[in-house]
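Labels A, B, C and D are assigned to the chains in the order they are written; within every chain, residues are numbered from 1.
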Amino acid sequence: TPVLAEDLKIAMDQIFQKMDPHNSNYNVDYSVASGVLERLITFDANMKLVPQLATEWEGSDDAKTFTFKLREGVTFHDGTPFDAAAVKANFDRLADQSQNLAKNSLFKVVDTVETPDDYTVVLNLKEPFGAMINTVAHPSVVIHSPKALEELDVQKNPVGTGPFIFKEWIPGERVVLEKNDDYWDSEWPKVDTVTFYPVTESATRVSMLLSDEVQFVHVLPAELSERVENDDSAEVLEVPGITVWTASLNMLKDKFKDQRVRRAFNLAVDQEAFIDVVYSGHGVVPDSPIAPDTRFYESQGAFGTDLEEARALMKEAGHEDGFDVEIWGINNSTGVRMLQFLQQQLSQINVRAKIVPMEGATRSEKLFSSVDPETAEFDMVMGGWSPSTGDADWHLRPVYATEGWVPKIYNMAFYSNETVDQAIADALNTGDADARAEAYATAQKQIWEDAPAVWLAIENKMAGRKKGLSGVFQMPDGTMQYAKAEYQN
Amino acid sequence: MLNYFLRRLAAMVPVLFLISIFVFLFIHALPGDPARLLAGETATQAEVESIRRALNLDQPLIWQYVDFVANLVTLDLGNSLRTGEPVSQMIARAFWPTFWLSICALVWSVLFGLVAGVISAVRRGSPGDHAGMFLAVSGISMPNFWLGLLLMQYFSVHLGWLGTSGFDEPSDLILPSLTLGAGVAAVMARFTRSAVIDVAREDFIRTARAKGLRERIVIWKHALRNALIPVVTMAGLQFGFLLGGSIVVEKVFRWPGLGSLLLDAINFRDYAVVQSEIMLFSLQFLLINLAVDMLYGFINPAIRYK
Amino acid sequence: MNAEHLLKIEDLDIRFGKESAEMRAVKKLNLHVNRGETVAIVGESGSGKSVTALSVMRLVEFGGGQIAGGKISFRKRDDSVIDIGSLGPEDARLMRGDDIAMIFQEPMTSLNPVFTIGDQIVEAVMTHQAKSRSAARATALETLEKVRIPDAAQVMKRHPHQLSGGMRQRVMIAMALSCRPQLLIADEPTTALDVTIQAQILRLIRELQDEEGMAVLFITHDMGVVAEIADRVVVMYRGEKVEEGDVETIFAAPQHPYTKALLGAVPCLGSMKGTDSPEPFVIPGQEVAATEVVPAEAIDYSADPLLSVRGLTTRFDIGEGLFGRVTKRVHAVEHLDLDIWPGETLGLVGESGCGKSTTGRSILQLVDATSDRLTFGGEDMTRLSASSLQKLRRQVQFVFQDPYASLNPRLTVGYSIAEPMLLHGLETKQNAFDKAVWLLEEVGLSADHANRYPHAFSGGQRQRIAIARALGTDPKLIIADEAVSALDVSVQAQVINLMMDLQKRFGLAYLFISHDMAVVERISHRVAVMYLGQIVESGPRRAVFENAQHAYTQRLMAAAPVPDPAVRRRDMRMITGEVPSPVRPIGQPPVINTMDEVAPGHLVAREQARTVDAA
Amino acid sequence: MTNSTDPAIAMPTRIERTARSPFAEFRRRFATRYGSMAAGVFLLLLLLGGVLAPWILPFGPDQFDYKNTLDGPSMLHWAGTDEFGRDIFARILNGAKLSMFIGFVSVTIGAVIGILAGLLAGYYGGWLDSITMRISDVLFAFPGILLAIGIVAILGAGLTNVIIAVAVFSVPAFARIVRSGTLGLKESTYVEAARAAGASNSIIMFRHILPGVLGAVIVYFTMRIGTSILTATSLSFIGLGVEPSIAEWGAMLATGREYMLAGEWHLTFFPGLAIFLTVLCFNILGDGLRDALDPKLDDH
């Protein structure tokens, strides 16, 4: 067995955009930052909330005031002490609309940030927002050194409290981090340096892992997992994901106004086969609009595949001979495979699908910038949503609430149901977990009933890792963590 | 000739100017909204708007063009929309890896192509000639990624002789330049072969033989020099291409070059970077083609430029 | 092999083409050359002379031919005898250039266009002689000067396309001689040389023979040259040797009918003494036909000339350095005046490189030239639109000095001949093809040849193809640039008779550029003598030939070889000293000649002081 | 001047044997290149197979079978199956028409335009040359991927659009190749002779110069066919997949690439082989054409 270095090298699947998660929407950026910049609250491997820079937290019943007790004895890499003022500086920054930060939207509800003492921070919201704790745990809500915020361009030079100190970033090539000897948790870190490489080509990523140039590969396409598994020195990590892939049905179009048609579509598609073809079997059939690992998930029972019934429903709806649909998708290989699969499956109920894979930028323009609900050309759109807060709110609201209609957020079905909207609002109005669970259960049930989309799959998140390495793993939301990296020799 | 050279140099300015207009219009006509792309698919519209304001993308097009040209003239090139880094710095960083890669690829492939081409021409119809054709056709019909991954699997993963990817040391050049050059070598070989066959029967080749020159010299000096024009044309074309960075090879080998930079920039509609890169490519092409044109005159003195 | 034999060819068979379409170019040829001896091969155009020479060099196989039978033996310097036919490629190579050197028939295409003249000769020297580069340069320069290339040092830096036909031929000669071979094969080495230089070259060859015992296999059609230089003569006809003997015997008592015909057709300078108008050749066996021609109409010199040229000037820039900065200029044609009347032949003679071909090309506006006047049939050619110029070119046809290069290698010769007719819409396609075949036959080739490509012909055959092409469009004027120089005298006579016949019947005019004084005497109405880009003497043929005034004209007359071995002029003086050159630094144009009319129509340039000339 | 419609130098009788036109000559010469003929026949057969595939094969190109995805080659599936369980051999044969069409048509369009541009530029020189060549410089400098995105975005991800893109991109290369040959040939004596004989510029360009540069053009053409069949491959590599469900060799290669490392070699191998054979045949065919254009090679 090869001798493993005390350096950790990681290949990521995308190029890095910004070193400042406040201003990024990309998982890679969050992942890289997670060892340098810490959050008040974070997730464990199963998306359960765990303390990081906050030791305790609580929300008021009206879901308008949230209080965080901070960890003491922590200093930033630049020597600035970590305290309530530092947190306030960051929260204010996030809430400040004039900063034009990408993640400003998460903190739009914040009214004021108070610091009753050095280690307590209180968030006062403008309106009730039951998902605030999970929002604060969002991977983008990190705490920069206030000094760095003032003096440095944190997009390029992040200074945090994490176990690793940012050293250099050569865009397109690598990011290098160094061990923080003064980390507040004296047990960590256990590796000397961490280097991240953006490697967009998955085969190259895997090759790097196999030739021990990197010890961890984040985002391992299912097709390649076998290759890693077959290698003696490497292992495949697989966790259930929280990204739900759907084909939204444009409910403003006549053909999809009929619930029978939408149900028929769900029944016609064989989700098991979909997972086999698209993810080489590494996925889960959805049985709710949100994934099992998302907070407040409630199973609704999978649709299953029943061609007979699907045909019957179509006939009932007067579409025995089917109709033409245009399906928009993503033009990467997985996206193209999804489209082809869907096309073939729908042909079984006589639906003739024209599939349109779109280049990323074109898709974003057509779908998210200039789209007008009334005149949208598409009949169906493929898409996947992952709630990075791990909370049902940040899945149900953007994808199924009326306020989420594209281009605003991600409701590509133009689905609008009062019950659902109400339930989502109710859940936000309270800080009480039980009440929220109940509201979300109602919403999930209603959405499942209405079937505004064909639910296709929840892909497992896979990663490749050298044997002997621990503490580096991928998260269900698509990010990864490495703060507790350690080699066992 | 000097005159011609200077005139061609001067003519580049308006050409580049036209290119700048063309490029600008083309890029802005492409669908895709940089603000939206930067924000990401799962961003809300409000997030997108704030990014748009931050990047001045809400200004009228004509001003954006004026900015672009002003940047070009001052060689400042502006900042990347995506990272905010100065474009000139990004290009300067990506230029050399691509430059070395193209030089290596070009050198081996042209040399190899020439030798293989000449040998097949001399042995026209022999098994060697057929083998050459076989190789050349393989070279051209093998997609770059295929060859690249194959080489990587064998030399890096299996044998462990070379690094898989990235550009940290000179040996990292080997696999990517092999991959990149394969197609060029194939075309060069076929081209050289054809050109040498064309001249091999000329009277002056007979004269060269009559002098008692070694067959090597007859072929490599007398025949090849006459056959060189199409070959140099091809090499010039390929070099121009290579200097633009091969997206596929750079992607497979994680090469920090212009091709990768361009791909990212296009994907994110990073206008400033795309425009500047294309201007750079244009300039390179103009220069290479000028050089090739001047070379014609040296290779064949009967070609005159007025 | 006999001890004196240097080269011995026995029963040589040479074939071309695949088995199905085989062509036997040489059949059962026997031949030998002794040490120090000069053997001339004469023979009909296309009879296999060049091919024989190529097979001795072992070069014929590179041109698609093969030695199908027989033996070629050669005695090396160390007295060992080798069988050339069975040499391996490397031994054959070592022999080439060192033991045997060859001057090729077509100098225009035989030089590599991309290397300078100097490099090409130096390379030949260095291949076989252990000389340093600079020593080889010196040798090259010396040899070039010996073959009287003007401004040799400068010409070394030039490329072949910048030289005249004769200059290229001399470069080829220099290249072969610089190797100092034991056997020199000279295939029509003087076709493009004026007689003064020709004499010089022959003299040079003889000197080398005397000095080093070099043997020469001399292929030529010029019986004057044969008489001048050969010890023995071999006559070839249709791929076979038909006669062989001492030069005196052959000339005195030819045996074979072909030899007789050949000698009967030899034009002889001075044979036209006392006549004003040209006369066709008398071809043995065809006397009746040849004399039974339409009586020549007298040329009406009071009418407007067909072609009128005044002040024609063509200069070429010579660039130097990396970017080709122009420092010097070739004054190829300087202020040239010419008139040609319908039905008239104007013979243009002059030293090699004096600008004859350039004159022709300038008249047709194929090169950039300036002129005070350039009219054809009353039309100002310089003012014509591109399309009218193109139409006018039907009436002026040009036979290029280099027939091989002037034929498109990718077109069959039949098509090449038919093309001008088709271009001008003179004939339907089928008719044009038929007429092409007919023309081929008229110039002594056969219908079979129509579908062959230029590379499969002999030098003389290509020349005739070029003539046939020019005749196709029914032109008014033909500029014939050394058009018959590679033809054996019998074919030459036939072709010239054809040309004269057409002239009489249809009033064709010729600008006949040639160095063969006897031929020029025979066919010209008027003659112009050119020297360094300018006309130095012009006038009616009789006046110029019988009363040459200018020194250069006189030299030409004197240097013309006499086809009689009895009157060899072995003692002729070698011209030495600076060779006058048309290359001048920029801003120093040559002095324009002043012409005096010494007799009606007979103009002679006032002699310039030599110093002016050389400046 | 005499009446020029009446040919003066008249031919006495009709001649029995006559000359052949260059084209007839070319046909005659090509007819003896058996290897090339065989290659041509193979291509035709492939094309025919492609046309007849729906009738002669047990599988359709779009016949899904989720039970048998990614099977290796077997007696039933000669070239194995892909990730949808489609028979790869059936897809290859059905894709023959399309791939050969993309390869051939697009390059032909590019070649025709390129040849014209190159001839004109090289022959006339001057401003025409400058303009043509600078346009081609721009086209060259313009990254193919950008143009592809543009075309696909504006015209849609159709096959014809790919063809247009490939065609546009081969124009400059052809133009440069032809131009360079033209520059040399236009100074040759036989071109001068043709001009002296009264040939118009177009005749000179097309009859005297073009055949001389055609050798190089043919070589590039046959090689370029390979490149253009692979266009779809490179496009989808950089994330610009086009018409995914259509059986087309380039696209098949592209999708197969995902499975390459996983050991499913047949997904890329067989389409690759098809491309290789096709390009090889085009090359052999091209060599024959090239040789037929060069009379000096006749005697071998």
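Simple rule for what comes next: a residue touches a chain if its C-beta (ideal position, glycine included) is under 8 Å from a C-beta of that chain, and two chains touch if they have at least 3 such contacts.
Only a predicted model underlies this, so the values are computations on that prediction, with no experimental measurement involved.
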| item | value |
| --- | --- |
| Contacts common to chain A and chain D (chain labels) | B |
| Separation of chain B from chain D, taking each centre as the mean of its C-alpha atoms, in whole Å | 22 |
| Interchain centroid distance [CA atoms averaged], chain C/chain D, Å | 46 |
| Computed distance of Cα centres, chain B from chain A, in Å | 39 |
| Centre distance in Å when chain A and chain C are each reduced to the mean of their C-alpha atoms | 88 |
| Per-residue overlap in chain B, given as positions that touch at least 2 other chains | 30-32, 145, 149, 153, 201, 251, 266-267, 300, 302 |
| Contacts with two or more other chains, residues of chain D listed in rising order | 149, 153, 187-188, 239, 257, 260-261, 294, 296, 300 |
| Per-residue overlap in chain A, given as positions that touch at least 2 other chains | 203, 207, 359-362 |
| Contacting chain pairs - touch in the sense defined above | A-B, A-D, B-C, B-D, C-D |
| Residue numbers on chain C that touch chain B, as the complex places them | 54, 57, 59, 62-63, 89, 93-98, 101-102, 104, 106, 109-115, 123-124, 127-128, 159, 161-162, 172, 175, 179, 319, 323-325, 404, 455 |
| In the complex, chain A residues that touch chain B | 15, 17-18, 24-26, 97, 100-105, 108, 153, 155-156, 170-173, 197-201, 203-204, 207-208, 210-211, 213, 359-362, 364-366, 368-369, 383, 385-386, 398, 407-410 |
| Residue ranges of chain D in contact with chain B within the complex | 125-126, 130, 133-134, 137-138, 140-143, 145-146, 149-150, 153-154, 172-173, 176-177, 180-181, 183-184, 187-188, 215-216, 218-220, 222-223, 226-227, 229-230, 233-234, 237-239, 253, 257, 260-261, 268, 272, 275-276, 278-280, 283-284, 287, 290, 294, 296-297, 300 |
| Contact footprint of chain C on chain D as seen in their complex | 1-2, 4, 7-9, 11-12, 14-22, 25, 187-190, 192-201, 203, 207-208, 211-212, 293-296, 298-300 |
| Contact set on chain B toward chain A in their complex | 30-33, 36-48, 50-51, 53-54, 82-85, 90, 93-94, 145, 149, 152-153, 156-157, 160, 163-166, 251-254, 256, 260-261, 264, 266-269 |
